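Multiple structures follow.
One chain, chain A, appears in both complexes that follow, with chain B as partner in the first and chain C in the second.
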Partner chain A sequence: MEETKPRIAIHKFTSCDGCQLAFLHLGEDLLKLAEKVDIVHFVEMGPINPTAKVDVAYVEGSISTPEEAKRIREIRANSRYLVTIGACATAGGIQALRNFADTKSWMQAIYATPETISTLDTATAISNHVKVDYEIYGCPVNSQQVLASLLSLLQKVTPTARRDKVCLECKRLGYVCVMVAKGEPCMGPVTHTGCGALCPSLGRGCYACYGPAENINTDALTQWLSSLGLSDAEISRRFLFIQNSAPGFKEAGLKLKKKVP
Partner chain B sequence: MPYFLAYEQLNDLIHALNALGYRCLGPQVQDGAIVFDDLADAKQLPWGMRDAQKPGHYRLQKSELNEAFAWANGPQAIKPLLFKPKESLWRVERDATGAFTFKETLPEQKPIALIGARACDLAGMAVQDKTLLQGKYVDAQYRWHREHLLIIAVNCSYSGGNCFCVSTKTGPKATSGYDLALTEIQNGFVVEVGSDKGRDLINTLHCHEAEAAKIAAAAQRSSDAANMQTKRMPKDNSRALRDILMNNLEHPRWQEVAERCLSCGNCTAVCPTCFCHHQTEHPTVDGDGSVHAREWDSCFTEGHSYIHGQVVRDTTEKRYKQWLTHKLGTWWDQFDTSGCVGCGRCVTWCPVGIDLTEEMAAIAGESNVVVAKEEKDP
Partner chain C sequence: MSKLQKDLTIPIIARVEGEGALHLKIHEGKISQLELSIYEPPRLFEKFLEGRAPNEVIDAVARICGICPVAYQMSAVQAMEHIFEMPVTPWVHEMRRLFYCGEWMESHALHIHMLAAPDFLRYPSVIAMAKDHPEIVKRGMHLHGLGLMLMTLLGKRSVHPVGACVGGFYAAPKISAVQEVLAQFKKSLPLAQELVLWSASLPMAKVTQEFTSVCLRHPHEYPMNEGRIVSDRGLDIDISEFDNYLKESQVPYSTALQCHLQGKSYLVGPLARLNLNHHLLPPAVHDILKEAKISFPTQNMFHSVIARSVEIYYAMLEAIRIMENYVYTPTPHSPMTPRAGVGFGCTEAPRGLLWHRYEFNDEGLVASSRIVPPTSQNQARIEEDLWHSLMAFGLDHSDDDLRFHSEMVIRNYDPCISCSTHFLQLKIDRT
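Right after this comes the complex of A and B.
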């Protein structure tokens, strides 16, 4: 019986380790899950077997070193399905801000012996390097979305996710719109759902950590944020933040950045 | 014959409702808006508060009157109580023999008494009744909530900047759908009875009948609220809008509004008549059961127009067109009524202030601005 269990690995690249916690935060469901699958590689939890052949590999983090660029290819070769989790893996993460700067001068400004550090000039999404079967957005990802993806794959069903804006979830939960009622700048109307409208539930605007939703209108939101009194530089920083290199946000942010004197 | 309920008797009303087993909900100030929440004491009501509404803009401010209902409306009222934003429909469980059994999940909660619904909210409920209760298929969850809801409406004495219920003939005075209807006047309310439940309730409160002067004062409040409205729906929201919309499907205005629209779905979520939803499965990890639930969806999402491998409405232009042509047009074919009740919520709560009356005006070629009485007949 043991050998027939699907094998799972959770890998880490350049990241804060927070998305892997989505598995650990499952609580009792993690114990039930462990009866259905073999978790063969998950450093944060215990098992270490980075080169194991697996049915599903969950990958956290972006590719920012030559070693990582090589390792992700090995993982792809060893995995039937590869699922990326979190902003770093799906869009490069906060560290992708280096893509808009001169990495070498940053290194020299910060480190005493920059020549000892092996790094790429960019931090990029996993899908820039290998084929990805399914992406889960978020910073961090939501445990239930991760679990749903695995349960779908175990049932041989293609995982699906709503790609709606945060606004709809905010309304379902009965939160008062912070932008309409308080003039608080909010990225909810362009941001991918999944967080449970966490920031608006605490009376503050969404800061777009889940990345772009489908069919976004960044120009219209830019115009409205501008009418609320935000400068081009401030709006640009809202797009070029945690999801700075995500398609849609990157273009919107850079367009505004160019306008800044 | 209408009654008079003094301010001091509001708590008697709340206590009477509690004694009858109701969870009492009423308007109160929360997070910068007037929302409905548990009401234990009349002190919690938004005394002296007023809402200033413009497209994409809602602010509370102090009113010159220290009244409990001197405001127009908040982001939601009746809809989330009857057509819930998230609700389970049925559950499937594997029993000891391995067989699956399906069980309908009906709500298990106390009946609700809602104080402070407006005429537009009742009109919205009447439209949702047509959709979910009076058609060929009855929605079991909606029916349960509907049968367990008592409504104490409050007629408006003030109209917000986005109100246009006069043109849609749905307000500002409630005409049906309530158990009791209150109109705030000096020191209390003129109370009208709308149902047997309402009559039984008012009889427990030992109210006096309202004298003529009070009834006249109440009528004046409603008429003042009506005269305050500056917005209107072109063609007075009539069936004529259906043909105007369907004959203008290629109008350049659709592209213009699509450039401003965020396709976020806020308008549909706050609309008291929108009923679109999707259903999802929530299986347990061990595979021994699942809950089948529905959630509010919107014609502004890709999922809503996903049909067998393709998204039918893949652009904002198509989605906005779907929203307006259905709401003001083909709703007539489907339900023999307009889907708009003139509450103005979609205008206020649109994060970029798109005004459907203005969009309709652009297509119909008729103004959405009320011409003041003095200008009409000097």
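Right after this comes the complex of A and C.
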């Protein structure tokens, strides 16, 4: 019966390896998962087969080199479903900040001989290059999100995601609003839920690592943050951070950046 | 500002996790060329940290490495507190140590069981190994889980934790939460003792080689968050003097910069730490070492896997000590007053010395930064070890055997490229 097991692959592009840990940090559940599915490619864990045909390919990281741009097309061709995990794969990640800068001058500042290193001027989301079937937000994603998506896809059901805001998560958990009660700048009103409102639970504002929620009003949040005394530059930096190139955040951040003298 | 940017012309890479390859040229039975290349795409962290505020830096640098985010946060916070002239309170000192214990356990247990043990016991992966040795793998995963638990206690999550800030932590854990973790640790302590004995019993070659160990040293603590940089060849410097002795350079075949100590390669990481600080370990650790018939210092590189197990056991003892003395505080961080200046941070990441330098401007924002991760420091040492180990192994072996042996040598350093050294593309030219 071995050959009837669904096949999955986990691929890495430009990233910190943190989202793959959603698998490696499963502990004994990883062994159970390996009984139910064939993990045919997962470099960090051992199996190597980058061009294998699979049912589900999980992709971590953004596209920042010519080699990566080519490799993702091969993976797409070999995968029934392609799922992106994390901020890098879904929106370019923190390294997409290079997209707003002169990458060549940055390379020169860091490397003595940048010409020996192959890199693109941009770091972009997987969906800029190939069709993506499902995207999981979050920097990092968590194991529950990833496993839930796998179980749905293997039943040929589109995974469902809650696209509401961290604000609602705080309400559900009964946390006192850090922005209203303490005047802490918080990105919760525009940020996708899924983390469990971790930062507000510590009394700090959300820094938007889970990316934009559905139907966000960035202008309203900008006004609110201004009223707390934040400058345009400070608000811009909050939008242009971990999820700087995600739709909604990018526009809001750049609009404010232009206003900075 | 432009003057500061000039300082950045000494090249560095932010992180080197990812993909690696080895190119070996064998000429008339001798190695004529050996190049370990890391081709992890550059992410240019040092550049986009510019213009960021202090607490943004802590959240940003975590993203350099998903496996050791605490290390990046701790080196950065130390550098910034140095610039802002903020003293570290005893409570914060202990909590940072506790946080770091969690990361050492998480990272070391992952490396020992997922990456190294399949080498020593000849399995392709931990999944295959678990079929024959389920109890060993489960023990490892349990200890790994305890590390995650500790990181989560202080950071709310283990990957890119959100608890640390300049001056300390955003919030202090509740006493009941600490007690729960403490109970788990006490119950599981024998597992860490078993792990040390098991790792010391792994089949490994008895080969020694010449190398210099470099790490932090503190007068009375096994090093994590503070100390001077020392070597077993007489180096003893303040962390601000790093640049005067340890030089980075770029090699054309790798995106990771190589680092040399006065022109020579050196070792950082658990084995270096044990070699230079074994006298600071508590008696319980010495007892288990005696039982395992292992003593440090040692020049056998394969003892690195034992060193990692010993550090897991030590981290558990240290975590228990800190949690037993835990007191709740309503002021878990001191107030911050950013100012202009230059500061340095150096802590012991699971893989070794992690050095940061920041310059802040008058607005309290980053003017420039430099980050030297452990793997770039170990890179020259790995090449030297490969040279030595492959000659000792015998170059007449098949390409497959040479590849396997090379991979094992490389993985032994737990480089951040360890994930891809499974995928070591070995190119051998025999002439």
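Criterion: the second predicted complex is superposed on the first by the 260 of 261 C-alpha atoms of A that agree within 3 Å, B and C clash if a C-alpha of one lies under 4 Å from a C-alpha of the other, contacts with A are read in each partner's own complex, and residues count from 1 in each chain.
Just so we're on the same page, a residue touches a chain if its C-beta (ideal position, glycine included) is under 8 Å from a C-beta of that chain, and two chains touch if they have at least 3 such contacts.
Note that the structure is predicted; figures quoted are calculated from it, not measured.
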Should the superposition on chain A be reported as showing a clash between chain B and chain C, or a fit? fit
A:C139 contacts which: chain B (first), chain C (second), both, neither? second
Using the superposition on chain A described above, determine whether A:S231 touches chain B (first), chain C (second), both, or neither. neither
Quick check for you: in the superposed arrangement, does A:P189 touch first (chain B), second (chain C), both or neither? first
Spatial angle chain C-chain A-chain B, Cα centroids [nearest 10 degrees]: 110
In the superposed arrangement, which partner chain does A:A112 touch: chain B (first), chain C (second), both, or neither? second
Now for A:T51: first (chain B), second (chain C), both, or neither, which partner does it touch? neither
Partner, of chain C and chain B, that touches more residues belonging to chain A: C
Tell me the contact category for A:Y207 with respect to chain B and chain C: first, second, both or neither. second
For A:D219, is the partner it touches chain B (first), chain C (second), both, or none of the two (neither)? first
Minimum C-alpha distance between chain B and chain C after superposition, to be given in whole Å. 10
What residues on chain A does chain C touch that chain B touches too? 203
Residue numbers of chain B touching chain A in their complex, please. 30-33, 35, 56-59, 75-76, 80, 85-86, 259-266, 269-270, 283-286, 295-298, 301-303, 314-316, 319, 348-353
Can you list the chain C residues touching chain A in their complex? 5, 8-9, 11-13, 15, 17-18, 41-48, 51-53, 56, 59-60, 63-67, 69, 110, 114, 118, 124-128, 130, 134, 137-138, 141-142, 144-145, 148, 156-160, 162-163, 165, 169-171, 249-250, 252-253, 255, 257, 416, 418-420, 422-423
As the complex stands, chain A meets chain C at residues 12-21, 24-25, 27-28, 30-31, 34, 39, 43-48, 64-65, 68, 93-95, 97-98, 101, 103, 106-107, 109-113, 116-117, 119, 123, 139-140, 142, 195, 198-199, 201-204, 207, 209, 234, 237, 241-242
Of chain A, residues touching chain B in the complex: 29, 32-33, 35-36, 147, 151, 162-165, 167-168, 171-182, 186, 188-190, 203, 214-217, 219-221, 223-224
